[in-house]
Structure formats: C-alpha cells, structure tokens
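In what follows, a single structure is set out as structure tokens and then discussed.
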Amino acid sequence: MLSIDGINVYYGNIHAIRDISLTVEEGEIVTIIGANGAGKTTILKTIVGLLRSRTGTIRFQDDDITSASTAGIVRRGIALVPEGRRVFPRLSVADNLILGAYSRQDKDVQRDLAKVYEMFPRLAERRHQAAGTLSGGEQQMLAMGRGLMSRPKLLLLDEPSMGLAPLLVRQIFQTILDINSMGTTILLVEQNARMALSIADRGYVLETGSVVLTGSAADLADNDEVRRAYLGE
Amino acid sequence: GCGGSSGTSAGKGNLVIAMVNPLSGDSATYGVSHKNGIELAREEINKAGGIKGQQIEILFHDDAGDPKQAAAGAQKFADQKNVMAIVGSCLSSNTLAMVPITDKAKLPHSVVSSSTPKLSGISKYFFRMAVQDAQVGILMGDLIAKKLGAKKVAILYPNNDYGKGLTAAIEDTLKQHGVTVVSNQAYLATDKDYSALLTGIKAQGVDALAVAGTYTDGGLITKQARELGLTIPIVGGTGFYSPKFVEIAGKAAEGAIFLGAFVASNPDPAVQSFVKKYKEKYNMEPDTFAALGYDQMYVLAEAMKKAAEKGAITRENIRDAMAQTSYKGITGTVTFNDKGDWVRPYLYITVKDGKFVLYQ
Amino acid sequence: MTTALAPAWRQSLTRFVHSPRAAVVFSAVILLITFLDSLIDAQDYIFSPYFKHIVFVSLIYSIVTLSLNFVSGYVGQTSLGHAAFFGLGGYVSALLTQLYHVPYWPAFLAAGVAAALVGIPLGAPALRVKGPFLVVVTYACGEVFRFIALNLEVTGGPAGLPGLLTPSIAGVSFTDVGATGKELFIVTALVFALALAFFMSRLEDSRIGHAFAAIREDEIAAAAMGINTAYYKLLAFCLGAFFAGLAGSLFVHYLSFVSPDMLSSTESIMMFTMVVVGGARSIPGSFLGAFLLTFIPEGLRYFKDFVHLPFDPWLVFFGFVLMVMMRVRPQGILGADTVFRR
Amino acid sequence: MLLLQQIINGLALGGIYSLIAIGWTVVFGIIGLINWTHGEVFMIGAFVGFLLITHFKLNLFAALILAMVASGFTAFLIDRLAYRPLRNGPRLALFITALGASTFLRNLAAIIWEPHSRAYPPTLDFSVMTLQFGGASLTVNSLQVFIFVVTLVIMAFLQWFITRTMMGKAMLAASQDIETVSLMGVEVNHLVTITFWVSGLLGGAAGVLVGVLYAIDPMMGAMAGLKGWAVAVLGGVGSITGAMVAGLMLGVAENIASVYISSGYRDAIAFIVMILVLVIKPTGLMGFKFEEKV
Amino acid sequence: MLLKTEKLCKTFGGLRAVNNVDFHIDTGEVVAIIGPNGSGKTTFFNVVSGIMPATSGRIIFKDEDVTKVEAHDITRRGMARTFQNIRLFPNLTARDNLIVGRYSRGRSGLWDGLIHSARLKEEERRNEEMARELLEFVGLTPYRNLMAKNLPYGAQRRLEIARALASEPELILLDEPAAGMNPREVDELLKLIARLKERGLTILLIEHQMRLVMNIAERVVVFDHGEKIAEGRPHEVRHNPKVVEAYIGPEVDSLVKHRRH
C-alpha cells in the first residue's frame, strides 16, 4: 500500500534520514520505534509531503506521491495525527473535528462526528470550548479524533499516547486496533514501544536516521537488543 | 576649503539655477505645477537667446514633502558653485529648513508659496512671491461684509500655517466691519469628508461661509455643502484657483467666489499667450503655482541680466538685483519690500458655467 | 540558515564586521571624510558640505536605529512609533532653548529624559497588547504625537520652529569650527553612536540582555525564569526613547529647525526598515541600515539626473528592494543567527 | 437632531471604513498578515474606475464591476509574487514585504498617474434626500445609503461564509496553523488565493465608491489603508462583524469628535479611541477571547 | 512544610478547573500528582507557580503567603517549573537557554554589564560552569550549540528540566517530564530525578507513566474534576478503587484484537 524507497531527508546540513526504505501493506499495523531524535517524526512528515526527500520515491497505492502536495496526499487517503497535537487553538472542538473531514466528498460527517464523541465523551462535553484551552490529554484526544474524521485509508500516528492517562492509553490502543479492524491501515510511531509492539504486525527500529532492525512485532519484542534499548528491561 | 562660497558663472557654460520641491508624495501636485511654470518660462528665455548668450539650466531636487530632504537639497545646491539661485520649496516647513543653509551660502533663494509669517525678513537672500495672508484676509473680509452684506459668518480652514494665518486676517477684518464670526474651525487638509462640520454650520444659520483652504479641500467642502442643502455664498482664498476646483466640486462650484493672483480668462495678451503655451505643453490649464513660477523665472532672468550688466553674474549680484526687482508679469508687477515679501494686488474670481471669470 | 552554512568569505566578513577593529576602521573613515579638507588645505572641497551633511544624517539615523533595537530588536516588539521619541526630543530641546533660554547641553539631556519618561506610557500598552495589535498601537501613538505638534501653538504648528540655537562647547559654536561648520556635529554624532554601540554590545551579553532575549522568545517562560517581563519591556522602551530623544535634539539643532514632519509615520517606518535591513539586533547592522537608506536615495538622484529620468525612482526602488531582500535574506544584511556572543 | 444628523454622516463614512476594513480583516484573519498593500489595491480600484468612466465612457455600474475585478487581480498578483514565496518564512519578513510592495505600488502609481487629486465626472451626482421631522430636517445622500446597505450585505454574506462553511472554517484554521491545515487536505494556496481575491474585490468597490463620493489621488491608499487597518484591528482579528461595527463606530466617533472637540484632532481622536479600546481589550472589540493555556 | 495550599480554587468561566485543593509538600519529598486528563493538574501548577492568579484560597511557600505573588517573583523565591507543552526559548541555543535560566540567581545590573565588573565576570564564570554541568547532567552536551527548536522532542524535555534546575530552586515542579520518552529514557529520567533528590531538591511532578510514579514518588496525590480525591503511598493509591475507576482502569492483560481475514 505504502512503499518508501531510499529516501534521504535533511534539515539544512543535518542529515536526519539516511537512505530509508520501508513498506506498509494494506490492513497492517506497522510501528516505527526509536530513541529521541532518531528521525521518526521526520519520516512521517516526509510521507505527507511536509518535508521533502532529496532522493528516492514514495508510492501510495501505486501512485507516486513523492512530490505531490500535502493536500493532494491527504485527499488520496492518508491522514497524519501530528506530534504535539497541533489542534487549532482558537477554533472550537467541534470545528476542529469538522475540519478533519475537509477532504471528504461524502456528506456523512455528522455520523462520524457522533462516533468520535462516543469514543471520547470528554470531547462531546467540551464541544464548544476553544481547543487551545483543553488540557494536554484532551487535546491529544481531539487530534486523534480529527485524524479519524477524514476516514483515511492509511493513518499515520505520531506518538498518540503521549500525555494520556493510563486508562486512556489502553483505550487509544484499543481504538487503533478497532479502526484497523474496520479496514484502516496504520503506521504508528510510539515511545511506548511495549504497547506498540503488542498491537502491531510488523515493526522497524530506527537509530540516528537509519533502519537498523526490522521484523514481525513478536520477533522484535523478543529481540534482546530491542528489549534493552527500548523496553527498558 | 573655506566657509560660505560665492560662486560666479565665470565660464561660458550654462547659467544654473536649482529647484527644491515636492515632486512626489502628498504635496507633489503643488511642486509639479510650480516646476511646469518655471520650465515653460525657461524655455522661452533660452529660445530668445538666454542671458547675454548664456542658456539657463535648471536642476531639480525632489524633497518629497520632507524638510530633512529639502535641507539636503539646499545643501547640495549651495555646494555647487555654479548654482546661481535656488527656488522652492512650496511647503513652509521645507523652506524654513532650507533658509539657514541658503543664507549661509549667500545663495539667492525665492519661493512662490510658503506663506508662514516666520519667513518674513528671515534672510537677506530670501525673496517671497507668495500671496500674503494678511492682504488676502482683508480682501475676503471686505467681500463678505460689504459686497455680500453678510451678518453672520462661519470660517473653515485647514490646520496649517496658511489656513491659520488667513483665518486670523479674515476674522480681524470681519470684526472691524461688525460681522459676527459664529464659528471658526480647523480641519485636516487630508480629510475627504467634511459633512460633520458643514452640518454644524448649516444648523448655525450663517449667511456666508469663508474657506481658507486650497482647491482639493475647498472643492470637496463646496460640493458637500451644496449636497447638504447649504446654499449660502462660499468665499475662498487664493488657494481655490485651480481647474481642479471645478473638477472636484462639479456643479456645486457655480457661484463660489475667491481671490486670485492670476486668472486664465484674463484678457491681457501676456496672460493669454502664457495660458495657450501652457496648455500646449502640458495639456492642462495652468493654476496659480504655475503662473507664479512662470513669473518667478522671469524675475530671476531679469536679475541675472542686471547682475551681468553690473559686472558679473554672481550670487551676490543676483541678490542685489532681486532686491531691486520691478517686473510686470502675468500675475502683477513684482516688487519686494525690505522683508523680501511681495505686496501685490489681487483679483476677485467666480465660477460661471464651469469657467473662471472676474467677479464684479 | 545557520552561520555554519554561510560561505567562508561571508563568515570572515561577518566576524570582521563584529569586531572592535571594524569600529576603528569605521571611525577612521568618517574622520577622514570630515577633516580631509582641512588637512590638505584644498582649494575646493574634497568632501563637499553636502556629502558631510549626508554623513551626519546617517550617523543620527544610526543612533536612532540602534535605539529602536532596544524595542524591536531586543524585546522583539514591532514598533512603528519610534519617530515620536525622536521628534519629542527635538521639540523639547528646541522649546527649552528657545522659550526658556536653557543652554544647549542641559536641554540636550532634558530631551532624552523627557523622551524616556514618555516612553513609559507609550510602552505601557505593550504590556497588554501583542503582535499585530501592538503594531497598530505604536503607530497610532506616534500619529497622536504628530497631531499634537501640529495643533499646539507653542510647537509652532505645522510649520514648526525655525532659528534654533547652535550647540557650543566652551563658548565655541559648533558651526564656527572646521571647514564647513559641520565637522563638530559629525564628530559629536560619531562619538555618541559609538558610545551607544559600545553600551549595547555590553548590554547584550549582560544579565539584562539575557532577560531581553528571553522575553523576545517566550514571555511566559521568561516569567517562569524569574524575569519581570513588564519591567524589562518598559525598560526597553525607556532606553530606546532616551537615545532617540537625544539624537532628535542633536539633529534639530543641527538643522536649526524642527517641524511635525519629524514625527511622521513615514519616519517611523523608515526607522523600522533600517533596523530590519541592517539586521535586527546587529549593531554593525544598525549602522549599515542607516547609512544605506540615507545614501542610496541621494545616490539615486545623481543616477536620475544622469539618465534623465523624468521622476524620482527612490521610493519605487526602495519598495522593490525591500521585497527582494525579504526573499533572499529575511534576517537582514548583517542579521545574526546566533543570539548571544561568547 | 443635529447630533442625529452627525451620526448619519458618521455612519456613511463608517460604511466605507468598514468596507475597507473587511478587506483587511479577511487577509489578516487567514494568513495573519498585516497586508499593507490593501490601501494600494483600493487606490488602484479607484483609478481603474475613474479611467473606465472618463476614457471609456462606461457607466458607473460596469465600471464598478470591472474596477473590482482589477483590484481583485492586483491583490491576487501581490500574493502570488510577493507573499507566497515567503509563506513559511517569518511573519516579520512578510510584514516588511508588504510594506515594500505598498511603497512600490503607491509611488509607481504616482509616477504613472501624476500626483494630483481628481474627481469622478459630476454627471454621477447622486440625489440628496431631505427628510423632514417636524421643523428639523435630515439630509442623506443616496449613495451613502447605498454604500451602507452594500456593506451590510457583504458583511452578512462573509460572516455566514466564514463561520458556516467548511472553507470558511479552513480559513480560520489557516490563520492559526498553516502547516496543520494542509494536513486536513486543504490546498492552502487555493484558500489564500481566494482570500486575496475577495479582499481585492472589496477594496476595489470601496475605491470606486470613495471616488464617486469624494476625490481620488495616488496617495489615497495611505490614509484609507491605515484607517481600514485600525478599524480591522479594533474590531478584532478576522472578525467580520467586528470590522463592520468598528468601522461604523469610528466613523461616528470621528464626526462627533470633529464637531464637539476639534476637527484638527480628528484623526488623532480616531487613534486615541483605538488605543484605549485595545488597551482595555487587547484583542479588539469582537476579537477572540482567549486566555492562553500554558 | 515547604509548600502548602489551602482551599485553592481556579475557575475558567463556569468551569472549576481546580476546586478547593488542600495540598502540602515537605522539604526533600518527592510527590506525584496523577489524575485523568483535564482534571486540573496543570492548572494547579499554573496557579501555584504564579502564572495564573488563583480564584480563591491561599498558597504558602516557605512560610510566606505567595497567593498574589507574580510568577517571576516566585521563581526568585526558589520554585521552578517545566511546562507540559514545552516552552523553551526556541531560537536560543541549548546553552543559552540555561544561561537565561540562571537569571534569577544573578545580581549584576546595567552598570556591571557596562564596566565588566568583577562581579559580572564571576557570575559569567559560574553561569558557564553551571550550564556545562547541567548539560552534562541531563545528557545534552552534544546539543549545546543547537537552537532549542531544532532539538528532538525528548531532548527538549530534558533541556526544560535543566533550565528549571539552573535557577537553583528548592522546589521543582515537573509537568509530565516523561512524555514522549521511551521506557529506557524513562529509566534515565528516573535516575536523574533520584540524583536531584540526593541533591536535596524537593520535587513535585505530574505524570501519567505509572512506572515512573511508582518508582520515584514517596507520596501520590490524585486529582479528579479539579478536586483531590485520594492521597497516599504509591501502592495504596494504586489500588484505591476510586483511583482505579477514574484513572488506571481495570487490569486487563491484553488488548482485544479483532483480526480481519
């Protein structure tokens, strides 16, 4: 479904992504784990065209999207729930969610809105509050909800559990599984590597901009190196 | 080097005079008219053989309405030893910034506007052909009190030296004639909407309105007054005289009375010849700035001729000659009093069928 | 863009420009321009009074640009009302010397102090009003000052006040010294500008400089670091106003004339662009911005006469250059990327 | 009654301020840019309208429409050539670019069209209505009524568009975070282009109306732009109703102040009112109330 | 008792974000605040640290009433904090962020700066030393000259902690310091906090990562809907039914995976 081939991304003269290739098959949950600064966020931003690779190609459902515009990429069915939430602070919760559905052609927005509210009752309570005044966790829920509103084929999640209470973390992961089972492919970046590996099919391990290890989630979870470096055991 | 320089036009090159004026920015319209008038006269003089065989050349410096830039221009020309005289700027504050420099350089300096009293007698080298607020004010007051027979009058003026000076003079005269000045209010020359003031004036029930402004604001005031149903006579100063006044006020211009140093419909052949040439060259009617500029160039030319007769065309000689000026031009006979001011006659003008005619 | 990316020549140039040596070279050049005529006793001017005039004006604007850096550079508040302080300084010393016959130097100081005092109420909105709102407020404050100067009787109304006192030192009038009478003015402005530059370079690296930087970057975090943001913002406004007021005083007594045009918003905008063109927070940049934007229009006049352009191209050119410059070097010609020096 | 007449006069002037301010505020509200060129876009509209009427003898209505298009196109070009390359750059760079573009256009216009004032042909005079109320009378210029109504309609439409349509919401969002808005599948460039067109159309309309009512000159953009900007800010960032209310308020305040205080301080009073309102309510009259979350 | 609040309230319009909270922390203690999202933890920090005024109630720090004291003054009195949404000085380098962090411990003024006084030099030397030490301490030495905005997320978090430490506080408030860190990094953070404790610092932290809370906190305070609903030793709190219900959730071993086929 998504295949990335040999990309290199720079910030000025900082070489942040070095020759990375990775694939995500339809229906999979794939996770990328790695330390701070390994380049996980950079990869996701490159996929949606917020950053540009100097080399290589990115293909989505057989289309070359390497140089497509961000909006074009999103309209093809990729959504990114960005790191740091990035909600629109002065718009209400409801408006933030509705904007998530901007690229959709169908008019069934209300039903999905109801679904998101059902998933996160706190957002329903706060639907008229300015998003910028929500608590950190509430904003995270909103960002996630907004991502779902576009009914993406491929959902890119950048640390969705950050700042959530344990109860909610579990709930979020359950949600990820649920939407996956309803047909959405997922590429997940998580610091909570244990949880990520427990729900993913496959994983990539990233170190200073390069993929150092890849395999099924179960294998990775058993790998000593991974256990020591990322699971803190 | 040494201090103030008094140059001569030793060689057989051109005779150079310089102009500092707003040629861009808000006040450019005055500067450009002035420049046009001067240029026209210069061409005539040169065509007629110049000054004793020497051609006159003009250098321009755009001060953009900023005194700082006017001062820079004055300094630039003061340094150029071949510059024999300087003219401008149209704006009082710019001229005030220039005078200390031209005075120090002993450079004859003349203007056609800059009406602030602060410039009277400011320098031995400074000559002003500008209209005199005091005189115009008296004439406006006389008109209102005697010819129009008004008893209650309102005055509007732009909040600048010209407006203030003129208003003071009008008010004095009216008081002497026993006319009541019901209100006298300032506005900003950049305003476009005068309905607030005019509504107030309408409510006061005066029998005449005096406006101490220029053609843009005066035109808008006249137009808006008529629109508000104010039918009383409107009397302006010399600033009204411009084809733009009629253009801006439209039909409302009919019957407005004001004073002029010059009127294009004056049957005097000299005036008609000027108007014709001006229209040919610039494709528009001359206004007061243009007419005064035209005369100013001739006054300078006369002074240079006299200087040449006295020996050499030097800054000092030109100054001395200018002090003695008596030149009959299209705006009257130019003479300067001991303060460098020209005390001159004026005409009453009115608009009839969209044309300026003498008011009887 | 980080400095590490800049080509080597630019790096060494930048380093030179920021070194004390640059200040020495700069002063030497200015002094040479100022006194060359008297040194070689030329028949004619080598540097004409006009040229010296432009140099003096550039120096005055260098001071003003430096002073605006307190507000717009250090604490990062876009101010389009700085001419108000410049003009206020001018008017205060003009009125003191003309109406109350105060000698020049006390009036000069008073001009700075008065401007600084007015800096407090003018800076106060900045405590509450932010970003684009502050731009409007500073602009409006400047305009209000201009209207006051236009309307009051004592300030001489729109035409302003002519015939101001010429400064003197030990009884010697400035205009009586040197080949053109401008020399002492230039030296005074130069000393003033260099002293201010020195003051600012020291300040930048001091604790106060750190507080300014923090406020510019994030006010809430700055407060959390123990920085009294209100105090420092006002301090920045006061310091900026103080030096602008002094510069204004020197300038009007040089021209021997002051008018409301000095307070105009066009002036304020020009000052702000000098900061931006030179590079915000860059001391050599302030000089560069002021000199460039004073010299180029004069240069263009010659160009215009030379090619017989029927109009003055400066403002059109200026507008165009600003646009191009923001594209190629938005941080200004000498704008620094790193913040504190070591 | 006198006061009432002054208020009516003020409303007419205020209507024009509002029209200009709404043009400001839509751009301000979407890319957070102090679009200094709006005054010039307005001036170009006034001149194009003037030329169409005087040289091409078009009627007022046709000239108005074409002038609006010309202004819209100018605004579009300004965005395309000057702003777009800097979209992701620092805000300050955009602001300076706007200053530069405005200086450029204004002075270019002064060179091309010469600096003097001119008026639209007098044939366009609009009728003046006088309403009688028991002894006293009120005068209203029909064009002023027209301007007032047009402004109201435009305001209502834009208000609806921004708050009720998806695209309007996207515009609001874009002013807060352009990068994230593109993540919603919004073509930011289209959005911005539309915004500039809208702003330009409004500016052009205001330009022609001012021309018909008063007089025009190449420098007219400076003061009008400034007032429009002040009004936009006074009304609150991106608030259409705010711009409308603030425009009317300022028009009335100026008129009343010029009569009861001094006309010489007219503009100063406008600015003082604005400073006071902003100091009391830093985000403008109808600006978003928002205590920053830390 | 180092810090104490009495009946502290903070409302936003009709919303009671912090409601009648009585809280205290002793010198040298490590206390964690936990609670569901939006329960008022961050707001509590904001009020205590002076960033927002309290609606009612009292705050006592080092036996002085600081309810109305402004943020900058609070810091000077020895309380420092980090922010949940990182608020570094984005265009300053890591090192410069720390120098600014030392602001409240400086004494030098305008004059010292002008004449480069001995006091200033001494201060600069100490600042430099302190910055180096702190960068080392949080493991950011390699990032020393990078602008804060260009650091990876985790590094920014640690830099914020270091910046708070730079003011030599007695009490440090950490708002979700482990957010965005992987388990190994959390372990390092644990060690870091332990070392802070050794230095005698009093630590109050908000955290959702139970691993961290369980390992480091001596006492846990639980917020829900702006109120303090429980308090006690970590293991007591963890099994408190109210807390389980509102915050931790029932123990489930694994997530349910509905695989499509």
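A, B, C, D and E label the chains in the order they appear, each numbered from 1.
Basically, a contact is a pair of C-beta atoms (placed from the backbone, for glycine too) under 8 Å apart; a residue touches a chain by one contact, two chains touch by 3 or more.
Note that this is a predicted model, so its numbers are computed, not measured.
Of all chains in the assembly, those touching chain D and also chain E are A, C.
Using CA-based centroids throughout, the chain positioned farthest away from chain D is E. In whole angstrom, the spacing between the mean C-alpha positions of chain A and chain E is 28.
Per-chain Cα centroids separate chain C from chain E by 43 Å.
Here the CA centre of chain A is 51 Å from the CA centre of chain C. Measuring from the averaged C-alpha position of chain B to that of chain C gives a distance of 35 Å. Looking at chain A, residues 133-134 sit in touch with two or more other chains.
In chain C, the positions touching at least two other chains are 150-151, 220, 311, 315.
Across the assembly, chain B contributes residues 24, 159, 186 that each touch 2 or more other chains. On the side of chain B, the complex with chain C involves touching residues 1-3, 23-24, 59, 61-62, 64-69, 71-72, 75-76, 78-79, 92-93, 96-97, 99-100, 104, 116, 118, 122, 159-161, 164, 186. On the side of chain D, the complex with chain C involves touching residues 28, 32, 34, 82, 85-86, 89-90, 92-97, 99-108, 111, 226, 229-230, 233, 237, 262, 264-265, 267-268, 271-272, 274-275, 278-279, 282-284, 292, 294.
Looking at the complex, you find that chain D touches chain A at residues 166, 169-170, 172-173, 176-177, 179-188, 288, 290-293. In the complex of the two chains, the chain C residues touching chain E come out as 199, 202-203, 205-211, 213-214, 217-218, 220-229, 338-340.
On chain B, the positions that touch chain D within their shared complex are 24-26, 28-29, 32, 159, 185-188, 190-193, 195-197, 199-200, 203, 216, 219-220, 227-229, 244, 247-251.
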